[in-house]
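Below, subunit A partners subunit B and then partners subunit C, in two separate complexes.
Coming up: the complex of A and B.
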């Protein structure tokens, strides 16, 4: 344990830099400059480390936000940017600019994981769902009268699970401790053998064999071993971990304890995305109940030396921290920049110690395997993709929500289950995944065909797919960590090309250059973010070429410089909008 | 199998623990690079040393060499990728070579010449970045920073200090100084520190020595960046090996 995290083993570590910055942000509505050096001294960190973390994470600000800081998701499923403009009008603010009286600020944020119940916003970090235009005058009034959030209508904050189809895991009724009791009875070797027998693969999307990961970590000799649950579910369109953490949290933590039992870890972390802050109280309550039941703590289930506890660390708005090595950097109170690999986290993870980083759903599956055995699990799904998958289904369908099916279900079958048969396209695995058209709806959701972390975003014929892809491309440019040249420079350039084409100023040359650059960013970037950032625009080009063709200018060249756009500011400043102020 | 690998078909030896870059530098084979400097922890961020091993794109500076490894380096496709990356670095910052006192001694510029780069090609970002002239002997001009972190690493690993860090995210990433004021003048950086001279571009420059070595007589005016035996020279006349 690092000194800074040792206070109250298992408690939410108050001394973590991210938590201290969250505190400052909510107390002062920004990070006051005069607080930074004392905080660095207190936490024994270089002042540059504190500064760099403040500027890395989206939820920390250098200048005061409003007493009500309202962030609208800009996701294609749970976003509401039209509502944002309406609310800005009602409250007399510009997006991103705090109102002069300091009461309110309104801005955009990346997907908040409420894709089955949008439009969604964060108000001072609290999640508000199913927002409609009809609510806006009431909301504006509550803001203008400075009504505390606790007095806002409670149903505005009522996040629903929306489990539409439960399967192998979600239907299974386990009691607290079933997995751990089975594990300690069988022993760590047997548990690992069952996980191997089950052919369990990581549910984050990459599909690495879980038993192999646990084995590598267990075999690595070091003073400490760690278990980290990756609950930084930031892929737009994904929200299944939200439901697992809300209604199956006991199993998530138990899965971590099982892993700890195998790799001999004494401490674990749940790295929770900042957008799910509202879950922290219930998660802490679950942890406390588990400690009381001797499912966490010392000599778990009376096994001498089986000591394990879990801390929750809250992220602060950075998609990249879902990448496991970036997550570890963030846990170590640094910017979330993916590490160079090798070495891999299983040998050099948190604080350089062997660390298993597993997806929320993987850990839940491990508990069920511990109880029912590997054969039971392997009997479901396909040969290469054992078990079931929990899908987050959103977009243009009649019943968005959680669908659990055995691996191998076709896209078409899933569309029929959720009432999304009218789709012209489906984004499998979120923006970093694969865009498919009707011709591919027969493909299977499985590691060997369409691998996915679970995000299924459905787009009907009424959707402008170029707008969708433009949204995704903006997302990646916003979330790039800035470490490597291809991604740091490439993603904003791709954004420029798409903006130009979408605005009707692009030529064939621009489209070709965008594709060339897109392939470079995909092939040469340091981590998965850059390696997938161009997928949406390249997929659209390959599968829906007419969407681009319809927007292109039929001329050889059009400069990026746009005279009309460049004159906009001048027109505003001079209050002139007559013919002579329009030179083009 | 013996400890050798193949770069573009040429067999070269390597010692256990060496990267592809280490082995190639020792063998006198040039793999383009910007953020790498022997003696400092490899970084792998600029991606100019991108090579292909069995068709897989990797950074030569961070990937450990392995026996029998077949590395593609000097291929037309990879040279095109590297040229594009150099163009991307140019448009990202504010690089005005004709008015920069580092011209002729700048690795970024030399790489541009090496790859036959004729323009920035992409729309320039024109970022607003701060210049810090608070230090008596050195100036920090962020307009030219390429985020290679050589100064960050040199300060920590060679000078035993911790003067620099990278802050921010994505296109807003920028170099900062580890002082409460954020000013270089308040740091313990001194002119004889490695970090004061390691900048491959003109982001960290010594004051008062701007044109001692005349244009046209500087390192890369006389040598290609690909020549392996060219010692690094600063802008101060006394250090110039050609004088």
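Coming up: the complex of A and C.
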């Protein structure tokens, strides 16, 4: 039975393993081996569990990073890898290798959710946006002079909301507590009925009916119930939860309290991706204000027995922790490996207790429904997709940012709104979603047609789509949690085939083997990551076959590596250069 | 009717797959009504002639492995990668965690009990590749027979299917190893 967190929820749990490791990492620039056993003892966890967690999450390191640890987001919308190379040159470092004086290390990281204002980097966990080549010499100088981050130009860290079109949710006129007041007046049964009436479906991607989820959880008898807000937002190209957590945090938390009211939970967790660490102070302030206003805490709004509070748990750079059961494992201070389901979290979730895991946007929508009613919400959107959707639009368009529209808007209309009409292709729903070409721009964004958690990535005719798909395939291979073989082994193999084709060494055989393997990885993987990892390369094959064809060699077969070069070292060690010492 | 010609060889492998091939036991006798062996440990033929089926055990660790594999690919209509080593590199590929220089230095210079330390340079000895590779990274492979080693039943099934002119298909029980 995993140990519970300090149940005085309401504080950021300092005794959570992830938080303790974050502390060690920032104090010592790595996790010192001698700290591990005492930490395990103190938290009453097995040493092996602490070790495995250190190795699992990409923000924890076994050897020291630089005093300035700089991570470049390597995504397709804002990826600044040329900037990374330039900065490496300016600072005299190799990517991934800490400079000899210990001052700086530079590396890549997966999309940090700043896709509308890249290039984006994390410096010691702080987010720096809109980085340009012109800034690099200044940045290098700040590093070389060991200038503390607080003295760096403040506008480098100024993350903008970039709300370009507001709709039902973002055109907000609600005041703090409106949702909760409406709910306690109507009662929990009525609130649940309104959510059902609204036909609200989860905004995290899968679109499960929210009322049904809450009902299942409420019906499960157990000592405790929990609400978890999934703020892991790791799907590349998605950043709408960032904006909701920045400017609508009150409603996110109020949505959690509404859920708690329905399912009778006393504790909730906001699982926040490590990349959004900069939001923690403002989120804590919002929580404090809500406690003061009796919107959290004991006897909320003077309802006897309505006790609920929220803690924030900070992730550490693992996309898989957005998958709800992996998230729960991570909350339980373990590696983020997806659980076998069923049983589902609604009956066996956090610490085995019934748990609702909902996306940030779902919870915000619930507040609006509590206030305005299910009918009001239902009147927008399409038959199977009620209400509105907050889209994160990035890539090749004139106005990247946040666009909220009723479900059912066509891709074309969205492209016109953001100045992306010249696109040759759009990736809907992030790498795990769907790639479409111009012929499909008439399709609708809704669960019945193109489902999306909100990521819309636009690619102009100048883009090499193979490079895009290669980027996504590398992403999945990097983020695979390693639990099941089809994904752990399959995703690196897919990466290998794509790299071979992209470098001009692929043949028809490679393309076919890759497609065959892609289908196998899809069919046999344990969780959604593996099940979608081959989507980009298979979509590209189905919709843009010429992108592959142009790259293929017209021959039966080509090896994966240069055979003669593979003998170079042994030729040198043996001082041989005879015919037998070469391979053609 | 002329017999189906089969060649077999072991590259960077342990001959365990060949031993398992023999586990077909008395079924081998029946098989010999339809097949004959070209290059194989059973015949001592040095170079493979045109064949129908080539069975290759082991991955590629040196230049000679590459020559033999290429000859098999050239001569065999159907090439089958047999066993974990041929398919993934297997046990020999554990050296891929080190550089080939580290491996040679450990074996010939720094290892326990080495006297007269020197890395051999006799041209008779094939040079090691920098890494151990699976077969499909150097030639086209038609079928994969997994296992370490594949069972005698698995050998029998894949050969029977091919003899019957069918696309080979192993039942799940033959692909289940625990």
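The working rule: the second predicted complex is superposed on the first by the 556 of 584 C-alpha atoms of A that agree within 3 Å, B and C clash if a C-alpha of one lies under 4 Å from a C-alpha of the other, contacts with A are read in each partner's own complex, and residues count from 1 in each chain.
Operating definition for what follows: a contact is a pair of C-beta atoms (placed from the backbone, for glycine too) under 8 Å apart; a residue touches a chain by one contact, two chains touch by 3 or more.
Remember, predicted model here, so these are calculated numbers, not experimental data.
By the document's definition of touching, neither partner reaches A:59: not subunit B, not subunit C.
Partner contacting the larger number of subunit A residues, of subunit B and subunit C: B. Looking at the shared chain after the overlay, A:560 reaches both subunit B and subunit C. Of the two partner chains placed by superposition, only subunit C is touched by A:573; subunit B is not. In the superposition on chain A, no contact is made by A:269 with either subunit B or subunit C. Once the two complexes are laid over each other on the shared chain, residue contacts for A:48 go to subunit B alone; subunit C is not touched. Within subunit A, the residues touched by subunit B in the first complex and by subunit C in the second are 560. Of all residues in subunit B, those touching subunit A in their complex are 42-48, 50, 57, 59, 62, 64, 81, 84-85, 88-89, 91-92, 122-123, 125, 147, 162, 164-173, 176-180, 182. Listed in rising order, the residues of subunit A touching subunit B in the complex are 36-37, 46-49, 51-52, 54-57, 318, 335, 340, 342, 477-486, 488-493, 496, 517, 520, 523-526, 560. Residue ranges of subunit C in contact with subunit A, taken from their complex: 63, 66, 99-101, 104, 119-121, 123, 126-131, 133, 136-140. Listed in rising order, the residues of subunit A touching subunit C in the complex are 509, 513, 556-557, 559-561, 563, 566-571, 573-576, 578, 580-581, 583.
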